[in-house]
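Multiple structures are listed underneath, in structure tokens.
Shared between the two complexes below is chain A, which has chain B as its partner in the first and chain C in the second.
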Partner chain A sequence: MTDTFKLPPVVLRLAAFVGLLAVIAAVFQFFAPAYLSNGNLHALLRHMSVNGLAAIGLTFVIVVRQFDLSFPGVASLGAMTLGFLLATGYSLSASIAGGVAIGLLAGIINGTAIAYLRLPDIVTTIATGGVAIGLSYFYSNGTSISENFFMSGILDLNDAKILTFDMPVVILACAAVAAGLILHASRFGRSFYATGENRVSAHFSGIRVKAYVLAAFGLCGAMACLAITLLVASSGAANVSAGSQLLMPAFAAVYLGAALFGAPSIPATLAGTLLMSAMLNGFTLLAIPYYYSDAIVSTVLIGAIAIFDPKLTATLGNLLRGRTAR
Partner chain B sequence: MATVLSMRQIEKRFGVVKALDGVNFELEAGEIHALLGVNGAGKSTLIKILSGVYAKDSGTIEIGGAPVELGSPAAAIAHGIASVQQHPELVNDFTGVENIFLGEEAGKPGLGGRIDRKAMRLAAQKLLKRFPIEIDLDRRVGEMPAVDREIVAVLHALRREDIRILILDEPTSTLTEREKASLFQLMRSLKAAGIAIIYITHRLEEVFEIADRFTVFRGGRNVATFTSRAALESGVSIPELMLDEKTGDIFPPRTGEAGGEVMMEVRGLEKKGLFSDVSFTLRRGEILGIFGLVGSGVDELSKALFGVIRPDGGEIEIQGKPAILKDPHDALKRGIFLVPGDRRTEGLTLSKDVVFNTTLAHLGKASWIGGFLRFGRNRKAAEELARRVALQPPKLDRPVSAFSGGNQQKIVIAKGLYRDSQIYIFVEPTVGVDIGARATLYALMRELSKKAGVLVISSDCDEVHGVADRTIALYKGRPIAHADAAPSRDQLLAAGIMGVRS
Partner chain C sequence: MTVLSENVTTGRSRPDFETFFVRYGLFLLVLAAFLLFAWLRPTFISAGNINDMLRSASIAAIMFLGLTWIIAAGEIDVSFMSVAALANMIVAGLVAAGYGWPLACLGGLLAGVVFGLINGGLVAGFKLPALVITIATGGLAGSIAAAIGLGTSISLSSTGFVGSVLHANIGIVPLITVVVAVVYGLSYVIQEHLTFGHYLYAMEQNRAAVVEAGVPVNRILFLLYILSGTVSAIAGILLTADLSSGQPYIGSSYFIDGLTAVLLGGMALKYGKPNVIGTLAAVLLLAALLSGAALLGWTDSQRQIVRGLLLLFGVAVVVWARRKNRAHI
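This part shows the complex of A and B:
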């Protein structure tokens, strides 16, 4: 072993993240001078809160090495449930609880099918997502719901401030701290990671791996519905297609973060979300239509997966090393 | 008879390990030649060189008197050498015929190059005429019994007419006695057609049944070649030939406290098709050894004792109380810890560091109420455990994958020590572990046995005999000797390899 002085990898990775963020900011600032204005930064962070909550939930599923493609559909169902409950006259907290409970239930169904019945995760979650979207049309035949919204106070979830922070940002911060504590400072987090890294050895170590896979899907569903609650609060109406914009940014955030920091984790996901939101916000500001910005986000997602793939990075590393050696 | 293959002074190194050290080997046309030797003796390396998978470092290979270079599997096949792997890779959804000609399907002229099934079936019939054997090749391979799959694999290897040498790597390991007879029938008809067969097996009784000659490998050298008849007549002991010379005394002295408290009692444990009628008593203060070859059911037995697989019959009592082990979680709770045979897939989370791994089997101890980890305390515990098992280097932040085989095993044992169990089950504890680390591991087992019952399960007879106070051999899933006896090394070996009751 050579004991040459090296910067700890975390510092290097953090530097890479800050550098990337600076480049994105500089580019958009150049084209759209309003980008770094106070108002836009607030908008950016509020937008990040929605995607961040969904991405945090997804992080658990990715940590146990599964996929969940159902959460956008589940989130739509959660949004409509929330809207329906508010319109029927339930209190704000009861309505939110109802929406999140729907997400949790959908996640538990996913988890049961995948962990206990051993169904393939991708197909199963596509199917449950489809079912959820279908069910979301039940409440209003597909028209958006906004009755009682003003009275219920749900709009405050978007508009209120705690100290100088917007409410959505505060909610994201609380969720991130809670998820971070679970995943990185508790025995449960150890079990999630052990399950994902080597399911057999985790099982042999006495960890109830199926329960952890189930829990990951449950958390993912619930978090997606919590995320959509913020989106409903900001748009002022519950919409059957509300969840559809969650899929790409959430996956891209988790994978981009994992690529930057070496493994999926809550801080990595937050970093990834910030990068994604910084880009998406910039595109909105430049009035680039969503179909183009989606295409760009998708490109970033593919790039992140490629970097996350250890075989590919190893090949790439060897190529680069071979070049410098020559 | 004509010599079809002659290999001289073959050497092969893997890093510092000499896998083959001046091996000489000759094969005659139309003979069945068995290769024997314990795991790591060099027989697989030799056949991999012969089938073009590995390149030899030095030595010469002659086929039919002409020197050849076998640089790739394709080159080996071009020289008439075909091999059948231990677990043949067949496409389950294809028929036997389709599998035989996989990759060389007869094409019809015209658009898209459609497959000419008729031509393929005719070619298959021709093959069967050359090597008569009863098999329905129009069945899907996934529905075939094990022996038919094996036959399809052999026919696949022989689909070219110029094959002169066929290598079979433990083809009988998954076959029943009756199925074996039908495979042997095919081998005899190949032999009659002049094809020379190199036959690797762990089952010594098969040698006299089917092979004309056999060569024994030990430590990367060929140590003896006999014709089966001469060996039978002169009473050569094959096990003796297979065994390594004594490797110095790496085993700790026995303490011989036979009267300890009973930790585990197993009566008539059975899992159909894997093992049956297994009974033993494990006491505190002793090491009980079970010797069994790969495929004898020992690995499955260890998993049944840890709740990974559910036995069909029999009883397990733990410290006097009858127990049904539901899963590993349950087994750990009852004080059983398994050091599994495949430590890389079953024992460790390779990408995580030493602290993560050592505390993983007892996360309750590693955290406060509420589940929050006690980082400082866990690190101290891991440091302490690393010292106890003599981990080299004692770097706790390294991913486990960066440690050598022996040190990975020490980490699994540290994980077990952290769990503070009453019963430790070691499976193949020193596979891939160098001799120095072996001594440490054996000493650790002995130390553990002072407070707990230790069960050592291994396919290394010397290991079981050297480290254990009492031993049993498992042969084809059945115990041969009784746990109360202390058989000699040779008795144990004969029991485990040939099922001989002494």
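This part shows the complex of A and C:
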């Protein structure tokens, strides 16, 4: 995890992350003794893999300094497409490919509108997200789809294990390694960062800026649909509102990770996701009702942005650094 | 901007038509929607339906007033609908718990002001990114709203004085519509004829230049977020009486509506700069669409797709019109 950061402060940042995780674990272990049990850790990591996949996709968009608010809607559309394909009897791999392809297509539409037609990112993605949610109702008039799910083997995506690791965790790990290689160990990754830092100078450095923005949105859409595939696998039904729970945790994970490690990156996003999942899982274990989870996530998100912000950090320097170290 | 575009377009007839289309297209669209729905379903223009449409449009118009100015000033607020839902649930919760309507309304209003203060403080005061901050505060407000009703809605037996105000009519026009018309008239004067409004447009164009000119930009922004929180809360309170219940998830339906109204409205008159007259016209269009779609038996998802495409279309026209102007300059 430290490979991508060559500066000494990364040791401090890593220590802060481990410390934070230890504090969270200790607090929940104190209140709910089952927290660090084997079963719960598996549940925690499974939960993390859904949010982690969506957050990895979003990381690319944030790195090129754009916003994507459409991925929850796109994910719902992907979930319903997946469910529809399974219910009509397509094989598991074809159905998953269909769902992810829908996400990729939606991402490419977003990216084309924003990069090539130069529409404003926020409004465009809100609109396409709205259209995607509307389209997701067409498969079944809004009812959830679960026919053929048991036969198709999609449930194995959630239940299967490879060397004691659950399948979702393995998928997340593979996706994270692939995304990490692209973003941190290839010239493509440098180009993504350059596009985000200064689009004009990136353009004059010979980087095809628009193509990278398009690629970021495409990846975000595809990853959101891959994430929702795991969620569908764990719940056993495709639902039109499935995607809406991805928005806040994904943004929170990216910003929390960036706050901890100084810049958005794949390891930082994973760290952010792990912290978010550790907290949300703990609160679930304490039987805190589901409607509080958004409040927890948003409070953490506001805190993370405040710490992420260099101006604020400079102004309130010591005070905030004290809070981060905790 | 207007002067420049007139300079550019004189002497050519085609751009003149295009300019006219961009400036007044929204009003034509509203007219076309009304005529179309009235032709397809004559009940669309019955007194009762007009009355209902105007009432729901008025509530939406109140909610989007603050948002119009925030987007006009080049910032964004995506927490407005959750603040309305929170005010809605607080009023319903307090009334259900036996406190009177006046006290409950104060409680709802207070929530709006508090969230306005939080947004304003974080965005204008600490200069944090507006989009993510308002996503987070919106999530917080929505979560509290859901927690008040323990995840479900609260139904009320009476709608109190708010209900009687809301259902008062002057002819077939609801009283609330007259109030909204007056408020929007005042807002029009403020935005187009007072320095404050010109600061809004200037902030969108070049924030740094406005700061250098000595305008207290952050104070204006702070006030805008408080305004947005307050008007959203007022709309939420009115919704409690309109629905005679508290609905924790009512916000989501207003989210795309609000942004569509403001951005589509921005298309009218001012080439993509949100203005109150445009917002009002777009709110009418959306209300007509809602009512007409219900009469024609469209499903909610079909309406949502139309709305999303309308928003995309509005944004595309605005960007296209602005780029055309800029290219000529």
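Criterion: the second predicted complex is superposed on the first by the 310 of 326 C-alpha atoms of A that agree within 3 Å, B and C clash if a C-alpha of one lies under 4 Å from a C-alpha of the other, contacts with A are read in each partner's own complex, and residues count from 1 in each chain.
Quick note on the criterion: a residue touches a chain if its C-beta (ideal position, glycine included) is under 8 Å from a C-beta of that chain, and two chains touch if they have at least 3 such contacts.
This one's a predicted model, so the numbers in the text were calculated from it and none came from an experiment.
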| item | value |
| --- | --- |
| Partner chain in contact with A:Ser201 - chain B first, chain C second, else both or neither | first |
| A:Ser186 touches, of chain B and chain C: first, second, both or neither? | first |
| Touched chain A residues, chain B compared with chain C | C |
| Touching partner for A:Thr88 - first (chain B), second (chain C), both, neither | neither |
| Contacts of A:Thr143 with chain B and chain C, given as first, second, both or neither | neither |
| Contacts of A:Ser37 with chain B and chain C, given as first, second, both or neither | neither |
| First, second, both or neither for A:Leu301, with chain B first and chain C second | second |
| Contact set on chain B toward chain A in their complex | 306, 308, 327-329, 331-333, 338, 340, 345-352, 356, 359-364, 366-367, 370-373, 375, 415 |
| Footprint of chain C on chain A - complex, ascending | 67, 69, 113, 117-120, 122-124, 126-131, 133-138, 141-142, 247-248, 251-252, 255, 289-295, 297-299, 301-302, 305-306, 309, 311-312 |
| Residues of chain A that touch chain B when the two form their complex | 181, 185-188, 190-191, 193-194, 197-198, 200-208 |
| Touch list for chain C against partner chain A, complex | 76, 78, 122, 126-129, 131-133, 135-140, 142-144, 146-147, 150-151, 248, 255-256, 259-260, 263, 299-305, 307-309, 311-312, 315-316, 319, 323 |
